[in-house]
Amino acid sequence: MKNFLLTENPISAEEVIQKVARREAGAVTVFIGTVRELTNGKRTLYLEYEAYKPMAEKMLEKIGEEVKEKWPEAEAAITHRTGKLDISDTAVVIAVSSPHRKTAYEANEYAIERIKEIVPIWKKEFWEDGSKWIGDQRETAAYPDGRPPEGMLDQ
Amino acid sequence: MKNFLLTENPISAEEVIQKVARREAGAVTVFIGTVRELTNGKRTLYLEYEAYKPMAEKMLEKIGEEVKEKWPEAEAAITHRTGKLDISDTAVVIAVSSPHRKTAYEANEYAIERIKEIVPIWKKEFWEDGSKWIGDQRETAAYPDGRPPEGMLDQ
Amino acid sequence: MIKVLLFAAVREFIGKDMIEMEGGSQTVLQLREQLEKDYPEAPFSHAMAAVNESFVPDDYEIKPGDTVAFIPPVSGG
Amino acid sequence: MIKVLLFAAVREFIGKDMIEMEGGSQTVLQLREQLEKDYPEAPFSHAMAAVNESFVPDDYEIKPGDTVAFIPPVSGG
């Protein structure tokens, strides 16, 4: 049972949660990223996620290692879906367990931020009036310095 | 299907998550409070949660209203278990959905902090060497001013 | 008549989860002081009062038929 | 020989998800410049390079047999 993986099938949050369950845990935080219908008033019909699968799983594992380094008491699991997703479908589930809740919240939020930085997965939005690859989730210019964001290269 | 409730039965995280699912949501955060085995090196055998049930459900609803006031785009659901719980059992599940993830994290963490302040539920710890009512979760003196914490009285 | 509900450590000290008593014209503080006299070992001083399922301050005036609850420091979650 | 993997907008502009080409003695920057000449409409300049599934800087030297991927700004999550 891998803690960091991509799948083309619907994700069960419960299954991801079970991967981090343990007797030392007092808190489990879960993030579920779902496909929302409206973004700035624009209606999404559906999405497609494309991934560079082996590298994406490697980067998810790297995020797990970063979490362990920053919060040694935390344990993480991440599953990201690829392919066509409809409104309300789950795109990603992040589960983090920890003896203490503060750590579980912080590590979880860290993980989603890192996914949006270093994991080679791309979202294509299909709207009523066309489609577009989304490449600017963080609403900053793409690699403005011509260099990868901090932490991308420190393998 | 009530969004804020107490139960004596095992809690399904999935069920609580479903209560906040909606087409406008892009993020759902979930907090699962579980019974951990060790606290400061002391081994817990099991716990018992006692509640003033009607008031506890009212206070959970109040927390839901506070969340709505602070984060109008957020939707919350909380289920808390009572009775005897074993190690790794789920004591509470908080689910918050929102169009944006930042809100979902913040509102979720707010809800667990408020539960520890205003919801009449009490935990009795059973250790190898005895038992004790826990009344000081926040590690501050109990009502040090002889007054309820801020926000307790503003019904 | 009023009902007084007891929970957690207070309930265990007293051995009852409910007391019915004459009353309905005192403040919460007066009720608290009377209970502290009747049950000197129970930790009432640490408990917040609620009337009819809402927290109230100590100067709240209890009416006949009210349900008063003493809420020890909570520890849910 | 090296393999060049293409994704998302770059893949769609070029119409292929993989190019096999002679190579293995240039830097990532040199490869990038060559591809920009061959496919002027594809947004290579916005893409980060990865070699054998690890991000690399533009001065990284590609070896024969390497798999180079151009990673447009990511948008998972």
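A, B, C and D are the chain letters, set down in written order, and residue numbers restart from 1 in every chain.
The definition used in the following text is that contacts are C-beta pairs under 8 Å (C-beta built on N, C-alpha and C of every residue); 3 or more make two chains touch, one makes a residue touch a chain.
What you are looking at is a predicted structure, and each value in this text was computed from that prediction instead of being measured.
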Components of the contact graph without chain A come out as B, C | D
Between chain A and chain B, what distance separates the C-alpha centroids? Give it in angstrom. 26
Please report how many Å separate the Cα centroid of chain B from that of chain D, as a whole number. 49
Where chain C touches two or more other chains, by residue: none
Multi-partner residues of chain A (each touching 2 or more other chains): 33, 112
Spell out all pairs of chains that touch, sorted by label. A-B, A-D, B-C
Given the complex, residues on chain C that touch chain B span 5, 7-9, 11-12, 46, 48, 50, 53-58, 69, 71-77
For the complex, which residues does chain A have touching chain B? 12-14, 17, 21-38, 87-88, 97, 99, 101, 104-105, 108-109, 112
Contacts from chain B onto chain C in the complex sit at residues 33, 49-52, 54-56, 58, 80, 91-92, 112, 115-124, 133-137, 142-143, 146-148, 152-153, 155
